[in-house]
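Got a structure here, written out as structure tokens. Questions coming.
Lettered A, B and C in written order, each chain numbered from 1.
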Amino acid sequence: MPQKKSKRQILEGSQAIAQTINNIRPAVISAYPITPQTHIVEDLAKLKADGKAKYEYVRAESEFAAASIVEGASATGLRTYTATSSQGILLMAEVIYNIAGMRLPVVLTCANRGVSAPITIWNDHQDAMSIRDAGWIMFFAENHQEALEQHLLAYKIAEKKKIPAMVNIDGFVLTHTYEGVEVPSIAEIKKFLPDYKPKQGEYLDTAKPVTFGAFASPAYYMEIRHELHEDLRDCQNDILGEYENLKKLVPSAIKKSEDKALVNNGLIEYYGPKNPKVVLIAMGSLVGTVKDAVDHLNIRRNVKHYISNKSVGVLKIKTFRPFPAKSVLAVIKKAKYVAVIEKAVSLGATDAPLAMDIKAYAKNKIKTKIQSYIAGLGGRDITQKMISKIVTDVQNKDDKMKFVG
Amino acid sequence: MKITAQAGSTTKNKTGGWRTYIPVTDYNKCIGCGRCAKVCPENAVKMVLKNGKQKPMTDFDYCKGCGLCAVECPVKCIKMELDKK
Amino acid sequence: MKQIRIHGRGGQGVVTAAELTAISAFNDGHEAQAFPSFGVERTGAPIEAFARIDDKPIRTREHVYHPDILIVQDASVMTTVDVSHGCTEKTIAIINTSLPKNAIKLSIPEKNIFPIDATKIALDILGRNIVNTIILGAIAKSTKIITLDSIKKAVKQKFSAKGQELVDKNIKAVVKAYNL
């Protein structure tokens, strides 16, 4: 029996996500196992096998098939779910674009992992970045609780705006970690996320037939893509609004706000002083390490360019697509230096993907120096020491992109 | 950086440390049939000439202590004992 | 914050040991975190797992570089891995070995080394060389950071799906290690 009221417990990240997905009550789940996503879909399959779940669990022969199955199921007007990682999302890529283009509210968990070659099973964000232009909402979670809250937001916004959503959780770092978390119950979730009931004409139905993903001539294609872009940009307002609703309706689902967080909404969290000299920007589980590193900076007084921790802030990007450019600029405009620390690389580009977005929007608007740092590729541990070094380095004159670690 | 791996380099990873039990062979009982060498999944048992007779020699750098040799031995001359660590 | 690093080999329950430590601490009312050092997931490969215990939420995700408690589940990894790296004079080491204290070569003061023949207990009680629950009993005994009761509860939580017999055997093993 599903419990009525949630309570805090210690769970593996994958377990917490699987239980939450079950409580969200999707109708169809299809997935193909890949490290480090495996535990999520194993747990979902087990819940089904044990008679604790009502969804249809469709085993697929590949990620391409899994994505196609949820695409089809979603087109019939059902709530769907899938999860993957790394090569899996690359194999899904064609369908990922189609799902967004057909405006299907699929929700996908990406247990972030680097991409081949060389083969790596370990965590970074290169897999997510490879499909960042596909037209999906993309969340990045710092910890278990935030991952759960983002899955609820993902379904809410996806079904409201007819745009698919992806929740990114760091492979191993979150999927395989045990920590305290509160899984909201079915009853609690229902208050925020009622059953998905699309209108007739919005889904495949023999009573009122429609065609999805049809041919669009040059006279229409551009308008359709433009509309998707505008609607995706527009999701920022919905994410802000629904985050507040979620806070009210299912307070247990929300990650507790940090004492020092001056801004905390569905798009970003800013942790630090009001007028920072340096702002460190990161996404996902790395943010926790960065916060601790910044708090520890004041005991390392002998470092070159030492500045008190009172002048270093941490900006977490929770929503990467649509990119919350204005919210980011409002935080960094007064800072002198910004270091964007990323677990991804856009091979051959001038900067890493997140830094590119920030730099492009900030150009000619603010004087802040923005520098791109790449760390933790292929699971290299990112230490607090590395973060401290970046705080020092960003205050130097050069602004070249750097690989750290 | 070199991105190709050297062929046959897996033998650099010695796997003997994995074992809990170690095979101890009673050479007086052993008839030298070589079955233990044939069944060893690690190819860690070789038949060698000892005083003119074929006897098994186990390479403990790679023996994982699975005990297959002891089970298959037709004269039961291999005992699995707890390995000291 | 207390930081724990566990060394061993894939298949010996190293990751489970870290998880059980965290679950026990959480049962005791602390904040806790446990995660593996993501070795290649295959039997036999040397791997590490980490646990952190604190009274405020744990945010950092970096590996444990300076453990308060060092655990070696398989002494044979000490020949290939420098298990004591980052250890301080205060680090407490629990080593699964049949050797006496003075035969253990570790750059840690001898008074902080606690050898335990966990393999023997595991083979006697569980019938398999999986020593994680026994190590837990040793942690509770030599460090007091987790209690025997919370370990028993954690073992039930973790293993109940695998049957009552396994739970009972593991609890017996924990108690045996605790009472050594």
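Everything below uses one rule, namely that a residue touches a chain if its C-beta (ideal position, glycine included) is under 8 Å from a C-beta of that chain, and two chains touch if they have at least 3 such contacts.
These numbers were taken from a predicted model, which means no experiment stands behind them.
Interchain contacts link the chains end to end along an open line, per the touch definition above. Ranked by number of C-beta pairs in contact, the top chain pair is A-C.
A straight line joining the Cα centres of chain B and chain C is 31 Å long.
Centre-to-centre spacing of chain A and chain B amounts to 50 Å, using the average Cα coordinate of each chain. By the touch criterion stated above, chain C contacts chain A in their complex at residues 15, 18-19, 22-23, 26, 31-36, 38, 40-41, 57-63, 65. Remark: chain C residues 9, 43-44, 74-77, 79-80, 96-99, 119-120, 123, 129 touch chain B in the complex.
Residues of chain B that touch chain C in their complex: 15-18, 20, 64, 82, 84-85. Residues 9-10, 12, 35, 121-123, 143, 170, 172-173, 176-180, 256, 285-286, 288-289, 291-293, 379, 381-384 of chain A are the ones that touch chain C when the two sit in their complex.
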